[in-house]
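Right, one structure below, let's go through it.
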Amino acid sequence: MMTTNPTPQTAVFGASGYAGAELARLLLRHPKLQGRAPIFFGREDAGESVALAALHPQLADNNGTGSLRVEPFRWAALRERNVNVVFLATPHEQSRAWVPSLLSHGVRVIDLSGAWRLQQAENRAVYKFEDADAALAASIQQRAVYGMPELHRSALPHAQIVANPGCYATTVILGLAPLLRAGWADLERGIVCDAKSGVSGAGKAPSAKTHFMYAADNLSAYSVFGHRHTGELLEQLNVQPQQIIFAPHLLPIPRGILATLYVQLRAPKQAAEIAECFRSFYADSPMVRLHGESLPQIQHVAHTNFCDIGFALARDGQRLIVVSCLDNLLKGAAGQAVQNMNLLFGWQEHEGLL
Amino acid sequence: MMTTNPTPQTAVFGASGYAGAELARLLLRHPKLQGRAPIFFGREDAGESVALAALHPQLADNNGTGSLRVEPFRWAALRERNVNVVFLATPHEQSRAWVPSLLSHGVRVIDLSGAWRLQQAENRAVYKFEDADAALAASIQQRAVYGMPELHRSALPHAQIVANPGCYATTVILGLAPLLRAGWADLERGIVCDAKSGVSGAGKAPSAKTHFMYAADNLSAYSVFGHRHTGELLEQLNVQPQQIIFAPHLLPIPRGILATLYVQLRAPKQAAEIAECFRSFYADSPMVRLHGESLPQIQHVAHTNFCDIGFALARDGQRLIVVSCLDNLLKGAAGQAVQNMNLLFGWQEHEGLL
Amino acid sequence: MMTTNPTPQTAVFGASGYAGAELARLLLRHPKLQGRAPIFFGREDAGESVALAALHPQLADNNGTGSLRVEPFRWAALRERNVNVVFLATPHEQSRAWVPSLLSHGVRVIDLSGAWRLQQAENRAVYKFEDADAALAASIQQRAVYGMPELHRSALPHAQIVANPGCYATTVILGLAPLLRAGWADLERGIVCDAKSGVSGAGKAPSAKTHFMYAADNLSAYSVFGHRHTGELLEQLNVQPQQIIFAPHLLPIPRGILATLYVQLRAPKQAAEIAECFRSFYADSPMVRLHGESLPQIQHVAHTNFCDIGFALARDGQRLIVVSCLDNLLKGAAGQAVQNMNLLFGWQEHEGLL
Amino acid sequence: MMTTNPTPQTAVFGASGYAGAELARLLLRHPKLQGRAPIFFGREDAGESVALAALHPQLADNNGTGSLRVEPFRWAALRERNVNVVFLATPHEQSRAWVPSLLSHGVRVIDLSGAWRLQQAENRAVYKFEDADAALAASIQQRAVYGMPELHRSALPHAQIVANPGCYATTVILGLAPLLRAGWADLERGIVCDAKSGVSGAGKAPSAKTHFMYAADNLSAYSVFGHRHTGELLEQLNVQPQQIIFAPHLLPIPRGILATLYVQLRAPKQAAEIAECFRSFYADSPMVRLHGESLPQIQHVAHTNFCDIGFALARDGQRLIVVSCLDNLLKGAAGQAVQNMNLLFGWQEHEGLL
């Protein structure tokens, strides 16, 4: 495909939110997309177009970006304008409803919502999807690739539909996967995932909980035992619900997630063994930075696409704390979506992300 | 009045907002109101009562406050329960509509909204009041006392209706009044009032501008040349619109206002003269703290009812910067309302406010 | 003692820090101390006195507090001025060194540092105390009462030396004590204490980690497996080091601690049983507020002396999350010190704290 | 020069601060510098080299940047390694002392400090420079070009020494220059510049004023009438000291400056005339974004190299408020330095800055 037209045409639905703004910014400056700006689509047939810079003044410049507009969507536009890949930064209901048609139009889809991430019906239940064509949805679901390059690097180049992971899920899974794949964690004793996220994770809609007066100078836990990202942990880490606790907290910061992960090892290990376990697992992963026995912080991953991971091991060699952190709008959303796009088109995984 | 029942009965409308919470806190611990908790009224006849602690968990305790409730309002309750004074922490439309009836029920009113602050019709125009009985409203308006004890201390003890000042207006007026009353400011050259407020000043309703992601890590000017508090400056300072510029800004902090006031003096003065001008003006004002030539900061007035004032004078003795700051929910709202109540009942002005 | 002089004379060492400021504020407005302001002592013989309001401008007022000064300390002053109780808001080395002499002068001591909290030498080791008279220190240590009224209410009235608990320790111990005393926790599976504190907990000395640019928009874990408050958890909760993990984090807020506590129960329980366990344990504790199955937040305890506790129980009835939070400068330091003073003098435990 | 070696060699002194980190980031990803990373020099002969990523973990990656080091400086290294341009992110004393030698080594210098910005001795006095060779310093001073491309675009390509402007000065000058050059401002009535800056402007050294507890939830004015950037305003805007007031404030945010500029016009103007005045002045300036009659905010310039400018005009057509804002570490420091480098080498002014 790439031979006939070296520069793919991207399209973005849902550019008005926080992840949408980051996606626009990354795609506009992506080295492989120069000369072919993304098309920004609004809701189907919804009246007038609006300037992208009116939605996100930070994206305006003096020489052209200012002319980009969010256009009303027509299905015919996908073929007329030779769209190759569509990013959905839309609510999960809309992503679930639209993907079948999008795929039938021959475009590849990278969906940033939770619509296609979960293979098991019991995990999907929390979303209450109502599929118009259940058999078709099931078939698409089965083909959907969970868009975490560090775990599914080989499947992604061929994916038609990429389910971009949840921000919390990315943080926790990257922090635990090496240990769990190695079989080192004592699952019977339980894994505790205490996660903290900045407010952008709660979305742009004003609400009591996103009010400055609620979030500022505060910390609160929420959705403990019931957060929608829990299913992603279970499926990707292959653990049972009773083996893991996931408790999210709302931090008074704009962006960033830090997860403190408490693991008890089946047998005592040296710190060097832990470090090596992570190092070998992420040897080919340019977007994971390993800090060994020092603990990473949100300030160093904000505005980057990196996931930083470090750990501390108790003297007994068994009680282990892993700290994993990332920018929820980048590695936790738009940045990971671009990383997936890079794999779809055979580019370097970190292209446009450093 | 005080002889027959030494402890007045207070009532609060609009306890659900930020100023309402501070008002509840101050009244509940006010030394002169012990044994007679305020009555909290919700909207007229509006169904069930709700626990005050459900609205403001910080007000809950283990021994009684937790039992206070916000009750549906009935007009008859005012007399049945011998209410002496009503605090209105309600939108200005509601305050404008209700005050005539409240006064006719024999209660005194301290209104925290902008409904009764402005004597001149052209200044009131911005509120677009629609009075059911214009003559009655005009008569009440004329009797309303602007509730700034530092300027109207002698009129307040006899007031039936107190118009509690705006938060910005309090900050600016207290910073300028001594100089303007002394006739020292060169009004022809214009006074600049650059004011900055925390987010609680924008109210509790979630909106795009109170979203954490909008306010945090940001600063924005708004309503320049058109803020509703401007009329209070004009009337209380007795200046013309073209002689003063008032520009508010939204600060990424929960509470506090700081106004930087730029004044050019008609004749050069010594710093000691400026200091003395303020000192003599506020000699009897327990809630104003003067810092002389050092500049006050928000952190030292937050959670207090003080207005802190300091200044810097250029070497030419004519260009003067006054900095005035206070807590917008206390001296800028609920605290000043309690200060006014103290004057209504002949108590020490700072009773319950230190 | 109280019969001859109903108002005790208090003295404060170390009023320049954050806890010192809160202590000054609480003591100055304490109903039982009216008419007898605390004496504020600086370092021994250290030159000039300094105005308290110069250290803490927020404490200044227009009618007297402004005249309070921090005086150079002389040992003779303790008897000359009939000091009854001394608060030490000093570094632990100083508290450890001074307490023997203070006790020998007949004053009672409430020490806010870590100097006297730990009975077991191996837990104390982290402080590296060098006692001039080891036998005397050991004897005093044995008599020191851990100043958590909820656990040691009966011993406190008779204490000569009160070791005021650490802020993190207070948060965690109050959240766990009812369950551990009931024997419900499965200690073999381990308890995880993920705690988050505002920056005031790090003290007033400027450092790389208290720089605004380090703390703001950030979250970082620190001192995992090695924080000095860990020994308090072990001694007060009677658990072994390998049975508990305590990991503190630095929050980008001025004040407040929230601890998320992960406990696995030995046998399944109903939520109502958990609630009742806490309710009965804290039945006589006015400074603990129980939220049942809703989770408390920092914003509702900031600027109060309450510890708020709530919990969430997994459907299996065994995995339990307890959230405990408080204001680190009040219930975590100065407020709890005043609570202890109230018990020393036989006053209501919450006197001056609501 | 560029023909023989198309990629210049850059060197950076002072990479350890906030501006240094941004400079490193910008230079490392600059399209015209690919394949030739900057050399980072520490203090002369100062022992061991240190990894750049140890100073700024956010700059680390998995494939190379991590290997960059800050090397001890030797003068001979400048020629051995063919350094073309040196960025000085060093204290002004050091910049003043080193520039003569640097120039004599044939390198061009872009100095981010205040060492060479001021042509008039009375403005420079505030820095208290002690030049070893006064005549040489005077000669260099005269040749130094004030590095604001919007005002000195034609002189910059030939500059040997570029004095990169102060962050506050850039904000204020860009907001006022068009009006003052047009002769529209009534200087007799005075211009008020109320400026607010994030904490990174205060530098990385921990101090009482950069402590999180001082800056957070606070706002304070400082250095009014005496800030070191004032001289830049006077010289670049060609105004007299008594014609302008500049008052800086410390904002509780990491980065960004917003200046609210109050100007009285000599004659009434239409808003369209004001807009056109700015538009024509900045027609060739890619890093200035004009917002017309809407007011820009810090959130939209943070992490960009843009200066955003908007205005509000009173109904009288004479009282004008201009709001100008930028990121103090980018357009106010490192970004503008790179913009100047682009002009030195004849590249597009915004190369590597969008």
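Every chain is named by a letter (A, B, C and D) in the order it is written, and numbering of its residues begins at 1.
Methods note: a contact is a pair of C-beta atoms (placed from the backbone, for glycine too) under 8 Å apart; a residue touches a chain by one contact, two chains touch by 3 or more.
Remember, predicted model here, so these are calculated numbers, not experimental data.
Enquirer: Report which interface contains more C-beta contacts, comparing B-D against A-B.
Expert: Of B-D and A-B, more C-beta pairs in contact link B-D.
Enquirer: With chain centres defined as mean CA positions, report which chain is farthest from subunit C.
Expert: D
Enquirer: Just curious, how far off is subunit B from subunit A if you go by their C-alpha centres, in Å?
Expert: 47
Enquirer: What is the distance, in whole Å, between the centres of subunit A and subunit D, each centre taken as the mean of its C-alpha atoms?
Expert: 36
Enquirer: Just how far, in Å, is the C-alpha centre of subunit D from the one of subunit B?
Expert: Going by mean C-alpha positions, subunit B sits 42 Å from subunit D.
Enquirer: By the touch rule stated above, which residues of subunit A touch at least two different other chains?
Expert: Expected reply: 214, 216-217, 252-254, 297, 299, 302.
Enquirer: Which residues of subunit A touch subunit D in their complex?
Expert: Residue list for subunit A touching subunit D: 29, 57-58, 60-63, 217, 285-289, 291, 296-297, 299-304, 306, 308, 350, 354.
Enquirer: Quick one: which bits of subunit B touch subunit A in the complex? Just the residue numbers, please.
Expert: 18, 199-200, 204, 206-208, 210-217, 252-254
Enquirer: If you look only at subunit D, which of its residues touch subunit B in the complex?
Expert: 189-190, 192, 194, 196, 214, 216-222, 224-225, 242, 245, 247, 249, 251-256, 258, 260, 262, 264, 295, 297-299, 302, 312, 314-316, 319, 321, 323, 325
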